[in-house]
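What follows is subunit A paired twice: with subunit B in the first complex and subunit C in the second.
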Partner chain A sequence: MKELTELKKVVSHPYAYIRKYKKQTGKKIVGYCCSYAPEEIIWAAGALPVRLFGTNQNIHLADTHLQSYCCSLVRGILEEALDKTLDFIDGVIFPHTCDSFQRLSDIWRLNITGQFHIDVVLPVKLDTPSAKKYLADVLEKFRKDLGRALGKDITDAQLARSVKTYNKIRALVGKLYELRCANPQIISGADFHAVIKAAMIMDRDQYLKILTQIIKQLQKAKPRKNRADAKRLVLSGSVCTHPDMYGIIEKAGGVIVWDDLCTGYRYFEGQMNEKIAPLKAITARYLKRVICPAKHMELRGRGENLIRLVKQSKAQGVVFLLLKFCDPHAFDYPYLKEMLEAEKIPFMLLDMEAELPSAGQLQTRFETFIQIL
Partner chain B sequence: MKKAISEFFKMVLIFLAGRFKKFTMRFKKTKTMKDYMMVYYSQAKSARLTGRKVAWITSGGPVEPLIAMDIIPIYPENHGAMIGASKMGGYLCGLAENMGYSADLCSYARSDISCATVNGGPIGGLPRPDMLVCCNNICGTVLKWYEIQARYFNVPLFILDTPFCHTEYTEEMGRYVRAQFDEYFVFLEKACGKKFDFEKLNHVGHLSHQGQLLWQAVLDTAMHKPSPMSAFDAFYHLALIVTLRGTQDVLDYYTWLLSYMKDRIARGIGAVPNEKYRLLWDNIPIWHRTRWLSEKFASHNACLVADTYTTAWCGALRYIDENNFIDSAAEAHARIYLNIGIDQMAKMVIEMIDKYDVDGFVLHSNRSCKPYSFGQLDIQKIVERERGIPCLMLEADMTDERTFSESQISTRIDAYMEIIKERKNKK
Partner chain C sequence: MITAGIDIGSITAKAAIVDDGKILGTKVIFTGYNAEAAGKNVYEEVLKENALDKASVKKIVSTGYGRNSVKFADKSFTEIMCHAAGAYHLDKKVRSIIDIGGQDSKAIILDGDGKVKNFVMNDKCAAGTGRFLEVMARALEVDLDEFGEISLKSKKPSKISSLCTVFAESEVISLISKGEKRQDIIAGIHESIAARVASMAARLGLTEPLMITGGVARNIGVVSALEKKLGMKIEVSPYAQVNGALGAAFLAATL
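Let's turn to the complex of A and B:
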């Protein structure tokens, strides 16, 4: 499928794509590192929001700012900022996430010059009236801050258009999840991963067009016969930057049928109400979305959601991908584990260090788990 | 049943011990820190007996409303420090790791979480909470930690969410934090089944403010050369401003402590007998090695005269209006040392360098405390650039003693002190 090839090209060389895109369109590029970044507002302002994933390789500049017990995601992102890999960025925004990203914002502000920098200090709890009001205030403030940085007013009409685009993208990606859940053979794990990741990089209108085509073709295509013996799994964690994770799991006899990742379904879930003021609609979606563990909503919300996902997707097990030194996820793991045990859902934990074990070693670990299912 | 009876008797004994202590304290000239802490913990441990409620609260949280409602506040972080000081951190952290908690998580949290399940540690565990109050102005870790305890004890949790002030404290933030104080009062009314006593809160707020002023005055005595106290003394005497802020006890104790320090100044007594070098400490103490570190630096005639940690309990004084506790408390809680950008932290460090006239800056890179430790390398660079004093970074953990390498740290301190000496002699 030529559309898929195009997405895969973007995902394998995202910075080349963005540089070329910036040159051709003259659009501003805004970097962000968290699924709570109000992208709809950035896109409405005519700028391209790009999620930063950092590098795993040869981190040395970041070492002079961050200690070794900081997660590889934060260190990797800082490394790319310091070594000028990200010099195409016009501005960066930091939604409040965790203690590490909070300090990354400070370090970035003090060391990276020549671009605008906006902190979006979101509430940490999302389930009280005052927090809801504050969230709305913060997003309104962000709209003004970003407008000032870009030298323009961001109108309601622009926001409404952006909300529509994002709704369409998210609905289609939701459709893709359902198609793949019903028949995992319909698209390979690696291709699926590329489609997901491209949504955080590409021009959103262009992406929507390509995604529409891909879904149309997948719906028409006669799906290959389902591999009955492949064990159905749900991935849970924060980011999955390993491009081959899906492929390795498939080689080990499993298949990812759903996920609970902030670079996965958590990023796409939830529609915005197009009948109300767009900023209100954006706010409302954040209040309904399943939370990142750095936020607070209900005491067992994430566990209940994970069990619901496993049941709905008829999965047989859960793979936890935990980034080493990621506190919020590490604190939640024991209670999630306990809830899964109570439901007799098998799981495995993959602690991800900066340098992942080789594909062969990973495959063996997955095989060991999959064999017991 | 047997266990319940023995628990009950234990509680009665603790209660009586506390009463006896309080009684004998009346006849003592000076009450020691141990006296106060003994009464405090025995009151807390026998709260079931006396019908008082117990709230667990974070160290940066607003304790004054609890005191106004006659609730006993308990500080798991203070407990963590005690666990560390008694070198039980490694064992308790290990237990938490067996429960599935990563060894990279905060050691206060790890040891408290496991301690709650085994009632172990230096004081046989903390009294069971009736409610939890978590203010995230110190870190995001406390949020996760208190969620875990709320699930474990099945008690209500109140979160005071103080937005991080990277560069500014905005109007929106002010409104949000202020509104949460009202929610806090409602939460306490519900938990206690009685109306909130605002008049008493004003009184407690006033005492709290006085206590913080006194604590600042005690720390200020270290400006004198030689300094009558060291940061290690401050780590010890800190316990009261943390646990009993808002009570008369704090005023009594620090009034005595202040006069004691002034007397030492008058008589020219220094914390380090032959003080030649003055240093500033950053981050939470290494609780399991405070004495060792204190002696180590003293052997070089160096006194750690001040620190960024104990000043945090009076660092927000500038925002407090003693006649308007509630409104000013919102800002004072949001703008504490750990809830601001690292450039502002560096500015405060430089102010302390000048105020206490120090020759060097020692930074504890604390594996357990990410918001305190990340940014230290930049603060160090700013300090070196602005004041040109040598800095030393020691990597350790505040409570978990298992990975501490005494010989390595010792060598590094020796080498660092050589630089300090050389530099000072050149002057």
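Let's turn to the complex of A and C:
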């Protein structure tokens, strides 16, 4: 599929794509690190929101600022900022989530010059009436801050257009999840991962066009039946930036049918109401969507959501992908584990750094887990 | 039915031949750099020693890190599955296994039917593995096979606090220069491995009877240090080093 090839090219060389895009369109590039960044507003402002994933090798510049007990994601992103890999960025957005990202924001502000820098101080609790009011104010302030940084007003009409685009993208990606859940063979894990990741990098209009084509073709495609006996798994955790992960699991006899990841379904989940004021609609979605462990909404909400995902997708097990030193996720793990045990849902934990454990050992762990399912 | 199991580990390659549950023979050789050749060689040698020909072996299962390079195997299983099958066959009552191999250590929990219920693996570094012992044996100029016996003579094991193999080696070297007794240093090394493996196994929650498998089980010093740390009696498999290969051979009979 030529559309897929195009997305894969973007995902394997994202910075080349962005540099070229910036040169051709003259658009501003705004970096962000977390799925709570209100990128609908960035896109409405005519800038390209780009998710930063960091590097996973040779982190040394970042080590002069961050301790080695910060997660590899934060360290890897800072490394690329310090070594000027990210010098194409015009500004950067830091939503208030975990402590490490707050410190990254501070270090960034003090050390990376020539860009604008906006902290979006989100509430931690999302299920109180005051949080609702507060979040609306924060997003209104962000709209003004961003407008000032880009030297323009961000109008309601622009916001409404962006809301529409994001709704379409998210609905289509939801469709892709459903298609793959019903027929995991329809698209390989590596290709699926490329489609998901491209959504956080590419020009959103261009992405929407390509995605529409891909879904159309997949709906027509007859799935190959060669992996019908593969064990169905749900991935849960923070980020999965390893395109190999899906392939490794498939080689071990499994297949990912759904996920609860920040770089996965949590990012796409939830539609915005197009009939109300756009900023209100954006606010409402961030209040409603499934939270990450750095936020609070109902004590057992994440666990209930995970169990619901497992049941809906008819999965046979869960793989937790946790970044080493990620305190919020580590803090949630014991209670998620207990809830899964109570439901008799098998799971395994992969505690990883940006670099994966050696291929042989990873294979052994996945194969064993899948063989005992 | 005669079946075979080939276990290609990081340091040694093992082969086992069984006939309907009866162990006919086993063999251990060094893996070297060519896992594929090691698999072929260890298989040919075990056949030769037991006066068998290839045609008499009906099924072959491979396991270990080199399992996919054993091209003549009918199927491969991970070493966790094979160690479970091997230990269960030797003693049906076994519920937990600690396997300490050349480059990693594992703890495995079995259910009443010998199926793997859960497992953990140390896959980050060499601490708590056979490789750690090899490095220490070199620093102490002692044959690794004597490690266990020597350590039992110790009354006051040295403290090795570093978890990193490289740092632990320099710690051992400074203990040597301080004039600490060799037996105390070796006992300290064993305690350090035991602490490492025990804390990993504790996350899983071991239940007795517990069996130890893998090459390091041959070291009585590590076994007794682990028993102390875990507060549990440990059954040492008489076939500890070839347990994975045996398990593979038993699993081959079920194909």
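Just so it is clear, the second predicted complex is superposed on the first by the 371 of 373 C-alpha atoms of A that agree within 3 Å, B and C clash if a C-alpha of one lies under 4 Å from a C-alpha of the other, contacts with A are read in each partner's own complex, and residues count from 1 in each chain.
FYI, contacts are C-beta pairs under 8 Å (C-beta built on N, C-alpha and C of every residue); 3 or more make two chains touch, one makes a residue touch a chain.
All values derive from a computational prediction rather than experimental measurement.
Novice: Quick check on the superposition: with subunit A as the shared anchor, is it clash or fit for subunit B versus subunit C?
Specialist: These partners fit in the superposed model.
Novice: Is A:128 touching anything from subunit B or subunit C once the two structures are fitted on A? First, second, both or neither.
Specialist: In the superposed model, A:128 contacts subunit B only, not subunit C.
Novice: Check the residue A:151 against both partner chains and state whether it touches subunit B (first), subunit C (second), both, or neither.
Specialist: Touch status of A:151: no partner.
Novice: Quick check for you: in the superposed arrangement, does A:358 touch first (subunit B), second (subunit C), both or neither?
Specialist: A:358 sits against subunit C, while subunit B stays out of touch.
Novice: Applying the document's definition of touching, compare subunit B and subunit C: which contacts more of subunit A?
Specialist: Answer, by number of touched residues of subunit A: B.
Novice: Which holds for A:114: it touches subunit B only (first), subunit C only (second), both, or neither?
Specialist: A:114 contacts neither subunit B nor subunit C.
Novice: How wide is the angle at subunit A between subunit B and subunit C, using CA centres, rounded to the nearest 10°?
Specialist: 80
Novice: Using the touch definition from the top, say if A:367 reaches subunit B (first), subunit C (second), both or neither.
Specialist: A:367 contacts subunit C only, not subunit B.
Novice: Looking at the overlay, does A:98 come into contact with subunit B only (first), subunit C only (second), both, or neither?
Specialist: first
Novice: Could you tell me how near the closest CA atoms of subunit B and subunit C get once both structures are overlaid on the shared chain, in Å?
Specialist: So the smallest C-alpha to C-alpha spacing between these two chains is 5 Å.
Novice: If you look only at subunit A, which of its residues touch subunit C in the complex?
Specialist: Those residues of subunit A that touch subunit C are 357-358, 360-365, 367-368, 371-372.
Novice: What residues on subunit B touch subunit A, complex-wise?
Specialist: Residues in contact with subunit A: 99-102, 104-106, 109, 136, 139-141, 143-145, 147-148, 150-151, 157, 159, 161, 163-167, 170, 172-173, 175-176, 179-180, 183, 341-343, 365, 367, 370-371, 373-378, 395.
Novice: List the residues on subunit A that touch subunit B in their complex, please.
Specialist: Result: residues 64-67, 69-70, 96, 98-100, 102-107, 109-111, 119, 121, 123-125, 128, 130-131, 133-134, 137-138, 141, 293-294, 296, 299-300, 322, 324-325, 327-328, 330-335, 337, 351 of subunit A touch subunit B.
Novice: Hey, which residues of subunit C end up touching subunit A in the complex?
Specialist: The touching residues are 65, 77-81, 104, 115-117, 119, 121, 123-124.
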